[in-house]
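Chain nomenclature is as follows: A, B, C and D, assigned in order of appearance, with residue numbering initiated at 1 for each chain independently.
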Amino acid sequence: MNATEDPLWFRALLVALAVLTGLLLLALPLAAVFTEALRRGGEAALAAILEPDTLAAIRMTLIVAAISVPLNTVGGLAAAWCIAKHDFPGKRLLVTLVELPFSVSPVISGLVFVLIFGLQGWLGPWLQARGIQVIFALPGLVLATLFVTFPFVARTVLPLMQDQGRAEEEAAATLGAGGWQIFRRVTLPNIRWALLAGVLLCNARAMGEFGAVSVVSGHIRGQTNTMPLHVEILYNEYQFAGAFAVAALLALLGLVTLAAKAVLERWSGRVAGEAG
Amino acid sequence: MRSTFRPGRRAMLAAPALLALPARAQGVRELLNVSYDPTREFYRDYNAGFAREWQAQHRQTLRINTSHGGSGRQARSVIDGLAADVVTLALAYDVDAIAERGLIARDWITRLPQNSAPYTSTIVFLTRKGNPKGLRDWPDLVKPGVAIITPNPKTSGGARWNYLAAWASAQKHGQNPEEFLARLFRQVPVLDTGARGSTTTFVQRGQGDVLLAWENEAHLALQEFGAGQFDIIYPPLSILAEPSVAVVDGNVDRRGTRDLAEAYLRGLYAPAGQEAAAKHFYRPRDQALLQKNAERFPTLELVTIDGAFGGWAEAQRVHFNDGGVFDRIYRPGR
Amino acid sequence: MSASLALPHRARRLRAIPGFGLAFGIALFWLSAIVLVPLLALLLRPFELGLAGLWASLAEPRVAASLRLSFGAALLAAAIAAPLGLLLAWAVVRLRFPGRAVLDAAIDLPFALPTAVAGLAMTALLAPNGWVGGPLGEWFGWRVAFTPAGIVIALVFVALPFTARTVEPVLRDLGRESEEAAATLGATRFQTLRRVVLPALAPAILTGFGLGFARAVGEYGSVIFIAGNMPMVSEIAPLLITIRLEQFDYAGAAAIGLAMLLLAFAVLLALNLAQRALRRGQG
Amino acid sequence: MSVIVEGLVRRFGTTAALDGVSLAVRDGEFVALLGPSGSGKTTLLRVLAGLEPQEEGRVAIAGREMAGVPARERGIGVMFQNYALFRHMNVFDNIAFGLSVLPRGRRPGRAELTARVRELLRLTQIPELERRWPDQLSGGQRQRVALARALAIEPRLLLLDEPFGALDALVRREVRRWLRGLHDRLGITTILVTHDQEEAMELADRVALLESGRIAQFDTPSALLAAPATPFVAGFLGEAARLEGQVAGGVLRFRLPGLPPLAVALPDGPATAFLRPREVVAHPAPEGPLIRLVRATAEGEARLVVELAEDVTLDAVATPHGAVQGEWPRRQAACRLEITGAQVFGAGGARGMAGALRLAEVR
């Protein structure tokens, strides 16, 4: 027996415990979603998804994600690049601020935009006078989603960037490359898989956000409902199978995200492994 | 790198376009009705009929959007700028709150007949089949071992009606109403945020022996989940719930939808509107129609908010505001 | 929006890697627009009440109780999720068994699963007539859904990936050399784990605990369905914020939000300090 | 291309990594920056490359002031400590990088670029590695790729940061010769950072010895060895042992027993002497300091460690002409030490050469 190998019974116990935790805490809720969704059969579930209001919610969710994820990717990359590759006063503060939205309750995340853009808020009356609708419309949904998904890209990419150090970027600088060239040709290729994983997580969260979006949505059927909000609406209409069908669709998106992320990680690991 | 990103970018741009609805036809007029939870089914019916009629009369296609949620939350959204043309909320208090911010004329309640409430409802008990705990009147609810499901009066308009009905009954029976309500709420195991949440808890999760519910919600629950599982019990005394409707002046003037909004609300008083209300278990104002449906809407003693509580503003202040009676019920040490 | 913005005193300071100005500009603009300005609103709004009013609004027993519940449940959930996360990380990194890859991927599930969906699923499972809640009630007489216990379970679910994923890379990095060294020095396996492995992992565990806590304390979607929402008992602070909002009490709602933010910050700061002490003790 | 550095200062927090460095490198010269770790040599290199800002002082390269000129515009070839090869590019792309980021107008076409890279591969003698990835290369190969990459931009100045650190001893020696040969062929002004004095002495025309952010001495290797300017230089170079003593009347007497006095041209007072092993010769003797260790060297002489006092030892060489051949030198034998020369510094830092005292001078 290896010196650092635990006895078989102990390892078996650990595996059993881990698998049990995984089953109880992770797999069971998922199973519940799919079981409930299929309670009235696959066709009923499909019909619920193909209903116009549901399709509108799916469309809204995709639009919100399509706007907010790229924005957060650019911003997150810029912040991570500054933090990992440059020195400047207040760097620690920037790191903390980037992580801040993680510790803010989603309800507050929605509330802050109501406080600013609401009719009782700072900019509301001015905006309304000009016919600009921010909250209870797409911009509000995007803002709330941006806030909630803010740290994902930066946080996934930053450790890797810091780990890789600055030597390659400095080498590129001495070879005459400009900032954008360095970023695009040296930094980005080195972090692309981590970046993609971060973008995927960001996307999953953007599509699944409930609390913050709920505050700023206005819940107009077929217009400002996203999928998670539509789940709640269907649920409140006693269309449980429909609610869980949409929930299952969301869960499926999440699962695809996870699978893609796992594949990415394995792939990048293999690429690195092959090269080394 | 470059080649792997390109198709992704294209797909991302294409995805929303794929799902995009066709551009809206010209001449379509839109109306947003911001309402509360239990009216979904009713307004879906009414909207379809109203749009048909409007199309026939004005040659305009209508697109009526609805937003549903807890009554208070909906009022708050309108206050914060949700561009509602009409509000159809659970309580006059919530409409008052909007009026206070200047979006609705202060005298809104007198602009339409019967306190601007085109249909009414009341609070009833929904029990398990056969009413195993024998709950007939409000005092029965606080018998030991009875679990009561009701939403939180702080967040749910319907729950405030429940609360006030119980209060009125306690007064009638000569009990200390505050003590009665304290006992009652001690027997509530789950306090959902909205009426729909409570119904789900009672029906779906099997919690509690009795659900305090809008009359229309109780009927709807029977209809949705099978009549064989639950009984509707009418207590001898309850409260007259008057869900209020109003045109949001600030918004219709801005959006140019006043004619439409006013017609929409007036239509609720018209025969078609009254019939739709009755069909969805709201008590119509039309006496003839009410008589015709007497089987669904049994007569019982109904106190009014103005008569028993001095109006909504007063009831809200005394009972539901922070530091009011409801908060006292949950004071620690009781 | 150039370097001069960051460095008012040194207008043209030389930087090793070019491109800082633009990137910093983007980052700063993005941060301000999406995070700082909105939070400023949260910071300023409560003071409309005046200091006394602000205090009165927060000192109310229900608010205090909900804050106690939110923070207590989140801390407890993080404390439960920390060993569970360690267990999962250990299983994924150190043990070989069929289904390991699936377990590895499943750890991120709460990240990817929309919180409302998680809440519905948890409620369906744990309700007295649910798959898990039923047997629990029948056999043990336990009630989980609609009690603080339900809240804690939902929060453990939410916090788990944070604790597992912070420990995992450190564990992977740790290697077996130090354990082997300990073994050659005559330590028993238990002594090795307790005196060599655990201290090495402790900062990561603490970080995971902090992240899990931060995520759990504000959680709304997955808790609201299962909480029961009884004032003084199972009413979480975010719910109280919504309640205040629905009473049109913006300042009061923002006050609770601010209190939560500051409290969460205090907890995270304390954890940070503890972690620094821990590292120093090791260094 | 000449490099002029004057009064350069660079601080990190409160500690000064460079504390007023001045240096003038001639065109085509090979200069080594030598010093213990933390002496500021890498910082100096990074300031020259434009990777660290200069806070005070000036840097001029080929007569052009460098303040505010970013690294990318300096046209200086840098070989980094761990080579910093782009891990996601193969060898060809690594070398081609500098050419491919030129402004469009000056960027060579594909054919020309390929030709240039191939030429560099030939020059660095690694044409077969063109399609390999950085992690498939050995240390020596990586080094050549890094050099080829730095040379691709046709630098007028080449900076090498500990370029041999990652190589094993045998490869090191070979690569060193090759590098110096390449320098002589290309004639590019080269500055090398190293902590290995043997490396610096062998490669460089002149060596700048750094001590905590200052240049202690800048001279040819032989001059450094023959005439160290400060006690630090004397102590750092040539494994010299440091011994304290007292000068009186032109005679240095050591504080420790067992050492003969030396003649030195210094005023009276305390003094410090630096003795290299070659300058201390042990003769067999019936009594005296004991030999603790004996090590044979490839050159055929015996290196000794002699114990002067409790826990104080001195490196020495043994006279090959021992009384008993084969028995001498051996461990635990007593010996008499003769000192053939030393660098001595007086109290004020005054330097004097010391030599063996002729008998007549002993009073």
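Note that in this section a contact is a pair of C-beta atoms (placed from the backbone, for glycine too) under 8 Å apart; a residue touches a chain by one contact, two chains touch by 3 or more.
Every value quoted in this text rests on a predicted model; they were computed, and no experiment measured them.
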Steps needed, at minimum, to go from chain B to chain D via contacts: 2
Which of C-D and A-C has more C-beta contact pairs: A-C
Longest centre-to-centre distance from chain A, chain (CA-based): D
Averaged-CA centre spacing for the pair chain C and chain A, given as whole angstrom: 16
Whole-Å separation of chain centres (CA-atom averages), chain A against chain D: 53
Chain A-chain B separation of Cα centroids, rounded to whole Å: 35
Sites on chain D at which at least two other chains make contact: 50-51, 70-72
Shared-contact residues (touching 2 or more other chains) in chain C: 15-18, 130, 242, 245
Overlap residues in chain A, where contacts from two or more other chains coincide: 114, 120-121, 170, 173, 178, 189, 235
Pairwise chain contacts, counting only pairs that touch as defined: A-B, A-C, A-D, B-C, C-D
Residues on chain A engaged by chain B in the complex (per definition of touch): 55-56, 58-59, 62-63, 66, 70, 114, 117-121, 124, 128, 131, 133, 135-136, 188-189, 192, 218-223, 233, 235-238, 240
In the complex, chain D residues that touch chain A: 49-51, 70-78, 80-82, 84-89, 97-98, 101-102, 133-136, 149-150, 152-153
Residues on chain B engaged by chain A in the complex (per definition of touch): 1, 12-13, 15-16, 19-21, 32, 37, 40-41, 65-69, 77, 79-83, 101, 103, 194, 196-197, 199-200, 204, 220-221, 224-225, 254
Complex contacts: residues of chain B adjacent to chain C: 70, 72-73, 75-76, 79, 97, 152, 154-155, 188-193, 201, 204-207, 320-323, 327, 330-332
Chain D residues touching chain C - in the complex, by the definition given at the top: 46, 50-54, 67-72
